[in-house]
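Several structures are given next for inspection.
Each of the next two complexes has subunit A plus one other chain: subunit B in the first, subunit C in the second.
Up next is the complex of A and B:
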């Protein structure tokens, strides 16, 4: 930064003596530099347009719709805070929020635990790209396919998993159709799907930790577990924070595997927020209220992410 | 640079615009007609040929979408202007569409072409909206019956004649309860009415799922509780609440729950995931997992054609007063208010609702025509294929059918009531769920 300023001031000094006030800095570059702005604008135009058309406008319209009564076939009617009042009194909304939170906690705790363990083991074993490629495979499968395949495998009558369970315990487990199992099952599915991806991210983080630190640890006589706790974890924090935040956001937005398997049942046991919003909007065509719930979810996600960033000091690393 | 920018903007605009315009609503001599039933799409294909032959130059396009996507697709079509000229509709959506002026009232057209609405035996009043106008011609009718595996009956020593005349009451379940107990067999071969019967290890359930499924109970508990005189709504059409706290209803629900508790009927989730069958009722009867099941008339030909299994059809139970009471449901044939071709659309719709087309399409047995003469033909035609539909025709002749009522905000009611029913039948909630169910129905039915 300092060097740049010096460069610019040098140019000002070298400028024609007739120019009394120094022109604005950005005008100062050579002719070719000035054209860069246009090229830059041209290059970002598709992205900006895409952002405007597919993100900014829909979002602003969503915010507007959340204050209206909108049943899609007739124009929206402004109702002010009516939807928010309904939201505060809507037991199913709060219930679905609870279900979502339960799902998020299960997914994140289980997911990070398993991926961290996998990544560390892989790192210590020093496996090659092939194994890492295989690890990421479930992530490449679409959520719909994941849910379909697992629904069949876990079916109480026909599923292979339940055939095995029945041999051992004599009774099948109703993974998707008992209220106690529904959310843990969905969380496990989600972990299975995203575990490889997270592990690869954490693996990349592990590679940034200099080997010398471990050497020093070993010389000091630290055990493998002590090194993991006191060296790996703190040094991995920036990556872990990012993975946790991504996982929290992804888990909060879970929809596909629920829609394909339990559809929110039994008895609303797995009614995650996105499922409820979808049902309100596309099942009951109550788009105004669905927009209000989406807005609430958005604000909550912003708050959660912000808090996480602050609390985990994500920008700093202990390697320095 | 400016040109490139403009070109980019134009391209983006094109892409965005492209999202909205697909196969636009038909004009000229084309009529688009939609259904969610694959079998009816084929059946009405017969009418299509005859109609096009009788009206040279016209083109009828029948399109079928899966029922899970059908109404979303339809609504999107209303908004985008790409909805079909005419379409099959369920009464659950009558209020949503009619109140938002998407359906064309047919009264003037009916009067102009002097269609005699009396020719329909069921379903006409179902399609009258709160404004008193007729919005559809009934497209079909359906009711439920008991389907049983005849060999299993013989093995259990239950005469078929008994099953044709099952009695029921909410206190001890009548002969229905006894037959179901007899038909249930555990893994060790003990019947449900024998000592030592193990209700936790069932090989064959006496009766298929009676819990959950729907908040109307069309193919489960409704034909039972209806014999007590109980009706879903406080009014026949456009009710303000559902009578879920009526003692006749709560007593019946207790009995239904006792069927699963005693192991005679599968618990919620045994053969379903997300309230959808993982194994269809037809396969359950075919594989011997279930000996008898309640089912819709639309499944009659499916049950009748299971290879190697003889399936009999019995009417629903006789109530304490010795009478049956069966819910009937009629889908309607609507015309979209935004059609560019109302005359041709009406010509097609009224042709479909005529005796000629109903006889022709109904002969496939995939649906029941609302016109009695056409229905008789369906029964005869299906008999030659080995499926006996006498039971259903007898309902009409005995006058035991009562139409399911039209009510407001159908999908919202379903979405709110279904989980409460599931909670009750899964044993998470007890009787305290009924007042909540009634209150919820009251709130949602009153909206708008």
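Up next is the complex of A and C:
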């Protein structure tokens, strides 16, 4: 999906669904081709309109608003680089950036680790679709529901998890209301929600690896772990890169779980960037500054994505 | 099979069981809590079965309990109009999904099966949308909806996502590129125009991937929180995700009606769980398929 962006459209055509040769040019008469063009534009009009009105225009407007003072009720006032100067000196912004980075790293490292292990176990044990189905259950429910049920299960007094912890250690863990635990807890929730989905994605990648490779490895006396390290991982690299990029993009924009459970607290300990942007825009009605922060977030995501694609390309040779 | 391999399989199975337990237990806990008496639960919080089994929480969640009944079981007076929120979610997710899949399929047909000048260019431009995170367009889209006077309406919730989805177009185009030409060519020889070919041949042949996208889009929209949070401001159009969050935030933290909240949560998640029961297999396969792309 996202990984295709670097390709030109001719390359995008490649893929499992397109193993059939591309359709040959049909209808060579000039009259019918004119007809095609007319119909084609008719068919893409809704999509092109939607793209222009609800994507391209808001995007350009977002860039413009980033350089204005805008409080919704009165028209935006151009202030040049004022917002950017404010951004550079805004400790809360840098703090929220750090919180977001911490959250993303925890989510991605923990999430991909567990998903990969789970996918490999599912694959090696030859477990059927039903088990994989159960794994994606959390993917079906909203971040709000996830946050609600875990807030309840991790409740310091009545939550079942803390009942267990208290029984073992004698005192409950303040999962959401302590500085040290808030972000790791949120990351764990996010991992819980996305793990099955990631595992199914990785599992699909594993299925494309021919079984004969493993048979050859076994004949050569390789252990299960050696085969994982020198066969599975390199062959899985393209899909792993894609899963990592998707997870980074999603985790960077985390909002619902945080807003429902901690609201960024305690004392900004879990103030992720999107929470701060929302607070600026709809708590303080500082839309111009909120737009500047969105722009910064966007540019950072672009940079991160391109770096990851670079790394993906560098590793392409060993997947052939 | 030697001993170490048996041991390895044992450990692997053990790991899998733990992962499954952690995945599924919260769903059981929602049910267990939703069938408990909220007062009694605080005296026996670690009971694995419902405490003082009762349908009360569901009655409160659906607004069927009298204030006296609610108070007796530790319900609060925080209200949630679940039926309305359910209806709003159905309209929001249903209409948006229907429109975006239909419009994406039409565009995908033009990109995959028709020859026209500018085709690759237009397709390439549309695909750039895959790169931009939604947060960047959501704030300006909010301002646009405000300018159009569409705040707090289904129009404002649905319009921005209804016409264009880069992923859906890309996904369907990939599928349509792989269709064989024979039937289509026969129809063209019989004198069918491109529109007829689209509606009579290519779209019917693309029902399976369209169903997959419908499913994925519906789930995403049903679970969406940020955009409805921006554009709605009262319960008249508020979907379930938002109604649940508001319900929790408007209840006093000390005496939160967890049983009622979990009952409401279950009602909110139920349509997704039903989809899962009916389409689970297709869902698993389609996630794998989108991944290989």
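The rule is short, and it goes like this: the second predicted complex is superposed on the first by the 280 of 320 C-alpha atoms of A that agree within 3 Å, B and C clash if a C-alpha of one lies under 4 Å from a C-alpha of the other, contacts with A are read in each partner's own complex, and residues count from 1 in each chain.
Throughout what follows, a contact is a pair of C-beta atoms (placed from the backbone, for glycine too) under 8 Å apart; a residue touches a chain by one contact, two chains touch by 3 or more.
Bear in mind that the values here come from a model prediction, so they are computed numbers and not experimental data.
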Message: Is A:216 touching anything from subunit B or subunit C once the two structures are fitted on A? First, second, both or neither.
response: neither
Message: According to the stated criteria, A:267 is in contact with first (subunit B), second (subunit C), both, or neither; which is it?
response: first
- prompt: Between subunit B (first) and subunit C (second), which does A:117 come into contact with in this model arrangement: first, second, both, or neither?
  reply: second
- request: Considering only the touch criterion stated at the top, classify A:180 as touching first (subunit B), second (subunit C), both, or neither.
  value: neither
Task: With the two complexes superposed on chain A, say which partner A:204 touches: subunit B (first), subunit C (second), both, or neither.
output: second
Field: Greater residue coverage of subunit A in the superposed arrangement, subunit B or subunit C
entry: C
Task: Could you look at A:49 and tell me whether it touches subunit B, subunit C, both or neither (first, second, both, neither)?
output: both
Message: So in the superposed three-chain picture, is A:72 touching just subunit B, just subunit C, both, or none of them (first/second/both/neither)?
response: both
Task: Pick one for A:303: touches subunit B only (first), subunit C only (second), both, or neither.
output: neither
Partner chain in contact with A:158 - subunit B first, subunit C second, else both or neither: both
- prompt: Which positions of subunit A sit in both the subunit B and the subunit C interface?
  reply: 41, 46, 49-50, 53, 72, 151-152, 155, 157-158, 282
Message: Residue numbers of subunit B touching subunit A in their complex, please.
response: 1, 4-5, 8-9, 12, 16, 72, 75, 78-79, 96-97, 100-102, 200-201, 268-276, 278-279, 289, 409, 411-412, 415-416, 418-420, 422-423, 426, 428-429
Message: Going by the contact rule set out above, which residues of subunit A touch subunit C in the complex?
response: 1-2, 4-5, 8-10, 12-13, 15-20, 22-27, 33, 35-37, 39-41, 43-44, 46-51, 53-55, 57-59, 61-62, 65, 72, 114, 117-118, 121-122, 124-125, 127, 129-145, 148-153, 155, 157-160, 163-164, 167, 192, 195-197, 200-205, 207-208, 224, 239, 242-243, 249, 252-253, 255-256, 259-260, 274, 277-278, 281-282, 287, 290-291, 294-295, 297-298, 301-302, 305
Message: Applying the document's contact rule, which stretches of subunit C touch subunit A when the two form their complex?
response: 8-9, 12-13, 15-16, 19-20, 22-24, 26-27, 29-30, 33, 41-42, 45-46, 103-104, 106-107, 109-117, 119-120, 122-137, 139-141, 143-144, 146, 159-164, 167, 169-170, 174-175, 177-181, 185, 188, 193-195, 198, 219, 222-226, 229-230, 241-242, 244-245, 248-249, 258, 261-262, 265, 268-269, 272-273, 275-276, 280-281, 283-285, 287-293
Statement: The subunit A residues in contact with subunit B across the complex are 38, 41-42, 45-46, 49-50, 53, 71-74, 92, 151-152, 155-158, 170-171, 174, 176-179, 261-268, 271, 279, 282-286
